[in-house]
Amino acid sequence: MEWLIQLRQIKRQWIYLSLAVLVSIPLFFKIRLPFFVGPQAKGLYEAVKDLPEDKVVLLAMDWGAATKGESMWQAQAIIEHLFKEKKPFVILGYDIQGPQLSEELAEKLAKKYGRNYGEDWFNVGFITGGLPLLLRMAKNFQATFKQDSVKRKPLSTFPVARRIKDINDIGLIIDITGSGTYGDWITIQTTYKVPLAVACTAVITPDLYPFLDSKQLIGMLSGLKGAAEYEALIKGSHRKTTLKMMMSQSMAHLLIIILIVLANIGLYIERRRRRSG
Amino acid sequence: MRIFHPVKDPTLLTVYIVASLVGSFLVLALMHKFLSMRAKGRFITALTFLAGFFYSLEFFLPAKNGKNFLTPWVEPVGDALAVIGAFAFPLGLISLAVVHWGNIRRRREGWYFSLFLFIAMLAMALSAFLNHYAHLSLAKKIYSCLFDGLYIPLGVAMMSTLAFYIVSAAYRAFRVTNVDAILMMGAAIIVMLGQIPFGMWLTSWLPMQGIVSSLRIENVSNWFMTIVNMSVQRAIGFGLAVGGIAMALRVWFSLERGMQMGGK
Amino acid sequence: MVEVIVTWLAALATLGIYSILYKENPIYRFFEHLFIGLGLGWTIFEVWKDVLQPKWWTPMVVEGKWYWIFAFIIGSLYYFIFSPRFAWMARLVISTLMGLSAGLVFKVTAAIYIPQIEASFRPITFHPSIARGINNLLSTIILLCVILYFLFTVSHEKQPLAGASKLGRWFIMLGLGAMFGSTVMARLSLFIDRLTFLLHDWLKVIKF
Amino acid sequence: MEHATTGVAILELSITGAILFSIFLARGGREFFLRKIAAFSVIDDAIGRAVEMGRPILFSAGLSGLGVTFFQALAILSYVVRRAAEYGVRVIVPLFASEVYPLTEEVCKEAYRAAGRLEEYNPSDVFFLSNDQFAYASGVVGIMHRERTATHFFLGDFAAESLILAEEGHSVGAVQIAGTPSTLQLPFFVAACDYTLIGEEYYAASAYVSREPIIVGSIKGQDLGKIILLLLSLSGVIGMTLGGKIAIIFQNLFR
């Protein structure tokens, strides 16, 4: 019984060691805890599949190196799904690095699905001007952007770019963000009734629930969990990696809950011993 | 005002600058000589009081199309504050250097670590300046090793230790000892479970729609975050808003005892 | 070549910092002093490049705005802080800056908290959706109890304030617990990211 | 919000009026009741602990720059240093923002003068450590371990590094009192520290510590200000519930 009481005073070094070990196990070995894909990730998945033929997807890459740990995996999963379904899309973003980093992701994935820049997707890069610029873009897309950010050529040279005259040619907007930029896109959504989904870092998720509740958002990816759910849905090429990382997260969370239970068991036994002793 | 027009001619510029330096020196010397300690104290308190009006008046005075007579001064004052703050940086640096130089001079235990600190500081400053202004390729390599190889990873590594500390803090704090700890523990465990697929799997057998669906772990967790936590944060925020204003008023009217620069 | 050095330095730095988790030791102390030194060196460069040069040196010397010398004069008064006879000059500058930043509180408070006050106006109507009505009622009750908890100059022994403020403290604890739980994932992902760096980029023992 | 709208001006000036009026009453000799708060009564015990163990106190104002949060931290630092000086205990004050170094130095020197121990004042106990968030945290952790500080005060603005300081501080076996307006860090201080000032208790600290009538008066004003906000919020809820024109008035109250 004595060691049970010790459960409430486990030395912190053992706790840290067990965390490091438990988190690295799923990275080496195949661990399968039950994995559940939430409704918000399915909402985005259906919205991409149901995109009408004549419409284009708009990817707002409002993230940078700081939130790479979550945003990059989300962007990668979404781009792969758009390539898989052969849905045309345009990349732009409020963050200097976002469009650039996503362009690298798109080029890598394009080889696998035989997609070409200019036919299946194009990139107008970093945009400044906030909401006023988005509103102008909604009225006249071609006039708002003189050239694309990859080949530095006028939009008219790219077949996929010619398809977007104004907001009515955009069938779905997805904002991948590590900050509060979704506010501008929600304004666009309520003004022009274009379906909108947000892929955000885990910390921002609570702020988005009101918009899911009011149906202003048709889907959401929350942090690394969202990326892992989406990779599982589209059977993407990174589903194993994102799943491994989610297993590490689950193992660590379970470690915390188990430690809390053990501590309270030790406390309970010790208190009962003191009362009866 | 003509006097504040930029002066292009270098010699005239130096004259103006030297004149201002000498003028300020004289004014300060005269004040030092002829003002008693009490008068200086009252002057300092008066200055604190006057300075308090700048930003508050600029905020409260009605603004025609976004500007009142103080608004044009907001940016220059902001820049001036930044520059004056920058001049305080060397003073801070000296205070740290004195501590570490003391370690080295007195050969206190572990004095060589203070030496590393100075070496690292000089290496980073030199390589950064040479890389930025002189574009030396050697400086660029050293700078890259120091910045991308050490400085950024040290910050990221230090932040990642939070993963370990959050586990040991939860282990220590979430004990069934009093009502506070029980409530905090309950909410934390629910929200934690609501975030991991394993947790969501536990209640995935409940229906998606309808009243019962609100018992699904992710919905309960979301309810805790968006209703309970948000309202608590908002209420605490109201208190902080009022507390912040009270603290500002106490400083503005020099009521805080330990901080009366003008003395009692 | 530089990339390999950078990866190795980053890995050693990470392990050096992690050694504090076992106990304070010379390796940690080395990287701690290195970190502070590098930070200071970087700040020296940044203070000149981002503040002093663009906002003081260039306007004064290049553009001829001679009055910027006063910023230097005011800033230099700080350095009298150690002399008992002239410390009043340093206090002159300090007190002015204190007054200025105290005056800023109204704008900052309005920017942060006015939207919160507006957001607290929630209709308790059960028509469109019962859940929304109940939630709005509950958040108004929580707001009421938590604010009553923070009343300092009123005794909390007598009812109804005693009950309301106890309820307020319980809600605060629930709120803090929820916030704690919601941050766990983000903190853990920091370590998982470092671990994948060590195992994948440095030791190359796992592949994606 | 670049400039105050009429609604905002009326609200903020009425709160200011409530505070100044209460201070005016206090200056006129009016006494105000202050309810007991656990964290404040232990500040003296925490200083006493450092005296018994003959080990220094650590005071960190976190990432605070020049602003109201830092001024409140300074008000408490001034009290802590004065009490510690009376018993000859060092207070180590590592700083994050170099622009606040002169002000802090001046306040600590004044505290030693008020305690009548000016000659014992050691200027190198107050120093600028680093203005990088995590370099600052790693430096403070190093100080905790090497100086074996017995009591820790974490009072000011904090961000993610709060848990690093609190957890390492606990592992050194120190008594820790924390207080911050950064509500996002409250869960970690409540979990890891012995006593935590929650929300506005932080801004009431100097009143509880100094018991000066004028400062207690300002706390009474803070209570009146909170009641103003509470009544405004409740009337807003009623207004929105009634709907129609009243709801529109409340929606545009601060436009």
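Letters A, B, C and D mark the chains in the order given here, with residues in each chain numbered from 1 onward.
By our rule, a residue touches a chain if its C-beta (ideal position, glycine included) is under 8 Å from a C-beta of that chain, and two chains touch if they have at least 3 such contacts.
Just so it is clear, the structure is predicted and the values come from calculations on it, not from any experiment.
K.L.:
Which number of steps is the smallest that gets you from chain C over to chain D via touching chains?
P.N.:
1
K.L.:
If I average the CA coordinates per chain, which chain comes out farthest from chain D?
P.N.:
A
K.L.:
Looking at A-C and B-D, which pair shares more C-beta contacts?
P.N.:
Per the contact counts, B-D leads.
K.L.:
What chain lies closest to the overall centre, CA atoms only?
P.N.:
C
K.L.:
With chain centres taken as the means of their Cα atoms, state the distance from chain A to chain D in Å.
P.N.:
Those two chain centres are 38 Å apart.
K.L.:
When the centre of a chain is set as the mean of its C-alpha atoms, what distance in Å lies between chain A and chain C?
P.N.:
Chain A and chain C have C-alpha centres separated by 25 Å.
K.L.:
Rounded to a whole Å, what is the gap between the Cα centroids of chain B and chain D?
P.N.:
Computed value for the inter-centroid distance: 15 Å.
K.L.:
Approximately how many whole Å separate the CA-defined centres of chain A and chain B?
P.N.:
30
K.L.:
Mind pulling the residue numbers of chain A that touch at least two other chains?
P.N.:
As it turns out, chain A has residues touching two or more other chains at 12, 16, 19, 202, 205-206, 225, 249, 252-253, 256.
K.L.:
So which stretches of chain C touch two or more other chains?
P.N.:
If we look for residues of chain C contacting two or more partner chains, we find 17, 20-21, 29, 31-33, 35-36, 38-40, 42-43, 78, 81, 91, 93-94, 97-98, 102, 104-107, 109-110, 117, 120, 140, 143, 147, 150, 172, 176-177, 179-180, 182-185, 188, 190-193.
K.L.:
Could you list which residues of chain D touch at least two other chains?
P.N.:
4, 12, 66, 68, 71, 99, 102-103, 105-106, 123, 129, 132, 134-135, 138, 146, 168, 186-188, 190-191, 198-200, 204, 219, 222, 226, 229-230, 233
K.L.:
By the document's touch definition, which label belongs to this structure's chain graph: line, ring, star, complete, or other?
P.N.:
It is other, because the touches fit no line, ring, star or complete pattern.
K.L.:
How do the chains pair up in terms of touching? List each pair.
P.N.:
Every pair of chains meeting the touch criterion: A-B, A-C, B-C, B-D, C-D.
K.L.:
Along chain C, where are the residues that touch chain B in the complex?
P.N.:
Chain C residues touching chain B: 2, 5-11, 13-14, 16-18, 20-21, 26, 29-45, 47-49, 51-52, 55-56, 60-61, 63-76, 78-79, 81, 86, 88-89, 91-100, 102-110, 112-113, 116-117, 119-120, 131, 135, 138-140, 142-143, 145-147, 150, 168-185, 187-188, 190-194.
K.L.:
Over in the complex, which chain B residues touch chain A? Could you list them?
P.N.:
Result: residues 163-164, 166-168, 170-172, 174-177, 185, 189, 192-193, 195-201, 204, 208, 218, 222, 225-226, 229-230 of chain B touch chain A.
K.L.:
Using the touch definition up top, name the residues of chain C that touch chain D in the complex.
P.N.:
My answer: residues 17, 20, 24, 28-29, 31-33, 35-36, 38-40, 42-43, 78, 81-82, 87, 90-91, 93-94, 97-98, 101-102, 104-107, 109-111, 114, 117-118, 120-125, 136, 140, 143-144, 147-148, 150-156, 172, 176-177, 179-180, 183.
K.L.:
Touching chain A in the complex: which residues of chain C?
P.N.:
Its residues touching chain A are 21-23, 132, 182-186, 188-193, 195-196, 199, 205-206, 208.
K.L.:
Note which residues of chain A are touching chain C in the complex, please.
P.N.:
These residues of chain A touch chain C: 13, 16, 19-20, 23-24, 27-28, 69-70, 201-203, 205-206, 213, 223-225, 238, 241, 245, 248-249, 252-253, 256.
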